[in-house]
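Worksheet: the structure to be examined is printed underneath.
Read from first to last, the chains carry the letters A, B, C and D; within each, the first residue is number 1.
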Amino acid sequence: MRLNIAMIGTGFIARAHANAFHQAGRFFSLPFELATKVVCGRDPSRLEAFRRQWGWEEGLTDWEAAISRPDIQIVDIAVPNRLHAPIAIRAARAGKIVFCEKPLALTAAEGKAMAEAARGRPTLVWFNYRRSPAVRFAKQLIEEGRLGRIFHFRSYYFNQSGADPTKASTWRYRRSEAGSGAISDLLSHSFDMALYLNSNILELSALAHTFVSGREVDDAVMLMARFANGSLGSFEASRFGIGRRNGMGFEIYGERGSLAFDQEDMNRLRFFDRSDGASLQAARELLVTGPDHPYSANFWKPGHIIGYEHTFIATVADFLLALAEDKPFHPDFDDALRTQELIEAIESSAASGRWQSA
Amino acid sequence: MRLNIAMIGTGFIARAHANAFHQAGRFFSLPFELATKVVCGRDPSRLEAFRRQWGWEEGLTDWEAAISRPDIQIVDIAVPNRLHAPIAIRAARAGKIVFCEKPLALTAAEGKAMAEAARGRPTLVWFNYRRSPAVRFAKQLIEEGRLGRIFHFRSYYFNQSGADPTKASTWRYRRSEAGSGAISDLLSHSFDMALYLNSNILELSALAHTFVSGREVDDAVMLMARFANGSLGSFEASRFGIGRRNGMGFEIYGERGSLAFDQEDMNRLRFFDRSDGASLQAARELLVTGPDHPYSANFWKPGHIIGYEHTFIATVADFLLALAEDKPFHPDFDDALRTQELIEAIESSAASGRWQSA
Amino acid sequence: MRLNIAMIGTGFIARAHANAFHQAGRFFSLPFELATKVVCGRDPSRLEAFRRQWGWEEGLTDWEAAISRPDIQIVDIAVPNRLHAPIAIRAARAGKIVFCEKPLALTAAEGKAMAEAARGRPTLVWFNYRRSPAVRFAKQLIEEGRLGRIFHFRSYYFNQSGADPTKASTWRYRRSEAGSGAISDLLSHSFDMALYLNSNILELSALAHTFVSGREVDDAVMLMARFANGSLGSFEASRFGIGRRNGMGFEIYGERGSLAFDQEDMNRLRFFDRSDGASLQAARELLVTGPDHPYSANFWKPGHIIGYEHTFIATVADFLLALAEDKPFHPDFDDALRTQELIEAIESSAASGRWQSA
Amino acid sequence: MRLNIAMIGTGFIARAHANAFHQAGRFFSLPFELATKVVCGRDPSRLEAFRRQWGWEEGLTDWEAAISRPDIQIVDIAVPNRLHAPIAIRAARAGKIVFCEKPLALTAAEGKAMAEAARGRPTLVWFNYRRSPAVRFAKQLIEEGRLGRIFHFRSYYFNQSGADPTKASTWRYRRSEAGSGAISDLLSHSFDMALYLNSNILELSALAHTFVSGREVDDAVMLMARFANGSLGSFEASRFGIGRRNGMGFEIYGERGSLAFDQEDMNRLRFFDRSDGASLQAARELLVTGPDHPYSANFWKPGHIIGYEHTFIATVADFLLALAEDKPFHPDFDDALRTQELIEAIESSAASGRWQSA
């Protein structure tokens, strides 16, 4: 069966989505054929260039037209945050499968409206890092009980994008278009990791800060959290992490072992196993390219590493495999709504200076 | 203009080639359109599965028919070594552009016949690691004189493929099909790196060894070399490098600095710059994902890493860009022939126990 | 001139102090001769064993007698926290130079009384990590302006000492003897680093947690802070950092560069210099063993690393060099009192769940 | 029982020896008391400065007088290579215990004369790296069979000492005083490691090279070797290893696992254990500071690292413990003679360009 996609957006992240649509069927045996049918953008010449480069059948400047077309089964949203809700809600109402770039929305209320509009329909939110093989393998180790009771979940996301003052004019620095700054852009990924790998967050105390006066959104955010499983959480994200480019990572400490991951070195997972003999306990630097690692049968051979784009490819593949079996896919709109609520709790706590239940 | 490809082979490396043919036009603005026209394989059902998975228009079991077709402009050879020469020579004589998996041939004589048959025609040999961005950047740093006079080129290639006795029955362990073992399979890459990054090899003294009795080919090889630029070379490759999966790397020491690279960590290049102040001299761990790194404008953003397959993609793109400008592409058959001659010098030296001019 | 030392304590840390007293004069040209005159301990046989092993002239079970002896110039306190104040105050009143193990005291009030009693007298608190050459070099780089304006000071201290339930009976787990748990034991070091390398802390919001029910002190602590220089601070310390043994470290992000340090790899400092060319910007892994690194002329040769004990040796040497020149030494009792006040602010904030000015 | 030492030499390595004599009794419970009785040097003012700094009772300019004194039990040789033989032979004939800095001698003949003169007397050669805890632990793992049959022993020793032309005037660059260059200075350590950790070397093929014209000794050396246990060896050492300061290390690949060590990171040993589950096989980065690691009970606590000097301290301690129990100590003069013979085999092979049995 063939699924036709209409993608809205032609920017950086739209490239990653488009690539994933083309590649998913190469690396995975998929139950559906994906067709890159329509791509939408406002600027006709840019749109046409994108369409040709990334192999879309048609280019349309009117996204509303695109998503109402009966030959479209999947609508993929790859535009700035403020457009997520209007497009997603309309697409859901038109009966489409909806894929949406992260974060879900500008606000939790918006996110809730999106989730409700899409209730009963398959959805996907592009928290792609869940599909880093190392993250997937971390999940597996945790589920096997290899860490035991969790004590600490530490998380960080640093890049240096904010340190360039010329960037302040993009949509990512406007509250009305982005919602927030490092929180939406970076920390939302960390929350998705935490919810996926650890457990729900019960309460948090946060600080948000803007280093450059005049900017509408936060440049950096920090928070302390208590998880439902009794572990403690620390989160920090900043666009002023000079020297880091895409420095997203975490450390998890449990009674039986610990894990560490950094996206800039995404083919590796550090695993400390306390069940080893005393003199042999040490962090193993696992190269998660197989054998027996998640997705390793799909991509190359052991020792032959993969990159950023493969997290998107695996996301698409997992979605389609779940769809074929009528199983739930995560992260969906409801999962992303939870992240959105946590974002709102950050903002509330940062404003009050107090702990906020979340 | 459109170039139709006929690829011979459906194994692991054929996947990497096929992927590159599809992806080159996505990441690069190419002067040609590539069409994955015909794929050839002996086993019809396997062939058909490959054809569909990797998007080829036709599947043919008769490679001779494929390469004589007038609608084919490029013949790509992705089969065991013993078939390289017959296919390449016939394809060249049919006036095709010829791409050939490394190593070029079983023997230098065969390689020479291939190079002569293809004289005047564009050729490409898949020594893909030249197009690791880190390797490309190493080349740039060397050409800028940042290492100065070179003292040492140290090279290694370790995997553990030979340590699995069940693998001995594949073609890679038969002299008639592979030519040699670790030498052809692994060390040939190291020689290509050395010729690319350093200089020609004048003489060498080598040792080849087979750990498993009954195997026809070498499991491991070591050699010492003298380069034309006055530097010393050490090379080692083994299929018994327990713990390494695709451990190809090098270190280069020069009077003004040094470099280190390992393919399992291919997004990084270690660079020591002696022109830094004394207390600030240290290896920099360059994440070669931009800005201003080779191919970084083609792939993702700084900090967003790439993988094994991208070295193949860049190889195709560079070839087509050179073709459009009527410029030479390297490594071509002549370059690979030089590597083949060096392989023969290894075998000669290993047999005599003496230094061998190369 | 000769300075006679009376050291109170025979435990692990007393070994480190004693070693430093012997070694300071070997590695440094000191203006004083140090004599390991009297060591005090309660258990006579253990005391005698320690005395002989670590080369003290006399062993006394009565520390009050020891510190009142007129032939003693320096009193060194290497006993559990609750004894710091009584010994230090008495020693100061007896006109001695006082060295005290960290943290200074059980409470800020106690610390204040100690600082007042010692006013005008040379004092030293063993926050030894200030004298890791890498930390010293970090200080130098910061003072040279190589980081520019500081954005983030991130700090952690993880070990797994708390995860062993049999340890709960030592003095470190009793409030009356230790004051607090991970806060006093671990985080106090991080605060000393922060005050030394960055700036004063204006306010903080903290969480303290005990994982093992029945324990009187915190097993883990986290906090967010605002520094006087406008930077943000994050601190985390835990005795449940499974896999870490002495995992104290920090990252500092500034507008012109960043630094990272970990005490388990104490001979290295990671330095990212944004003034390098764009394609050459990367963390340098500085091996701070010379040339031109702090203390490198005192210890061995470049590339010949030093260890934990050398931070104590350099502490003693720096103190004596300052003493001879009548210059202030840091960290002294006043510096450590500031850390003690911050510890109290942690406890207050952790209890209230609010930001606390400090 | 007290053993009085006479040490000949006041240079860098004499500092390391002197320090070890003082410290061995602190960290180890020794069956003997060591006394730093006499130090010898030619320059009286330098001698006196050293004597005071490093705590020797007497300073003598006449080493012959020193070693003939009846109150001396141990003679320690810490002078340039050409003086090793005359001093050692005379000391041995005077009935002393003899400690000698590496390499043993200028030639194998000299070394043989030394070994014969000292036959039946306890001797020690300062191949100190054997006592790096990580090296000791590597030995233990190998003896436990955790690597199984060994395939490869790879070794390197790089520093950049030769790249400074002003250094060419020291004794290390004169054949008559040093014997050879990188071979004696650096590679001798690697051979000692190989003989200790792997097995005897049966034959080798070597290359020696001098980059700076006019220098009497080799700047760099490379060789291939066959070990008695069937494994292959590669060795490389250079004074032109720009960027490395004391870069001595090795990799050992065996059928059941592999090891890697680098002296600049001497508190760590990388261990890959093939008996782990397939998805959990990876190099463990063992921090060999305890528990249950060699010497960890003697030095500090887990996670509290040690340095260069501790390899000398452990050497002295092991010698004295063996002496008390009348057990053999290694490496002794006979062990070092074997290394000397291998050095001679290198020179012979490098001259002939052929394999040389060793």
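Following the convention adopted for this analysis, a residue touches a chain if its C-beta (ideal position, glycine included) is under 8 Å from a C-beta of that chain, and two chains touch if they have at least 3 such contacts.
From a predicted model like this one, the values you see are computed outputs, not experimental measurements.
K.L.:
Among the chains here, which has the CA centroid at the largest distance from chain D's centroid?
P.N.:
Of all the other chains, the one whose centre lies farthest from chain D is A.
K.L.:
Could you tell me which pair, B-C or B-D, is linked by more C-beta pairs in contact?
P.N.:
B-D is joined by more C-beta pairs in contact.
K.L.:
Per the centroid of Cα atoms for each chain, what is the distance between chain B and chain C, given in Å?
P.N.:
Going by mean C-alpha positions, chain B sits 54 Å from chain C.
K.L.:
Taking each chain's centre as the mean of its CA atoms, how far is chain A from chain B in angstrom?
P.N.:
The answer is 35 Å.
K.L.:
If you average the CA atoms of chain B and of chain D, how many Å lie between those two points?
P.N.:
Distance between chain centres: 41 Å.
K.L.:
If I count partner chains per residue in chain B, which residues reach a count of at least 2?
P.N.:
Within chain B, the residues that touch at least two other chains are 244, 281-283, 287.
K.L.:
Contact residues on chain B for chain C in the complex?
P.N.:
Contacts found on chain B: 137, 271, 273, 276-287, 291-293.
K.L.:
Per the contact definition, I'd like the list of chain D residues that touch chain B in the complex.
P.N.:
Within the complex, chain D touches chain B at residues 151-152, 154, 156, 158, 163, 205, 207, 209, 211, 220, 222-224, 226, 232, 234, 236, 238, 240-244, 253-258, 272, 274, 281-283, 353-355.
K.L.:
What residues on chain C touch chain D, complex-wise?
P.N.:
12, 16, 19, 22-23, 25-26, 29, 53-55, 159, 244-247, 263-267, 287, 289, 299-310
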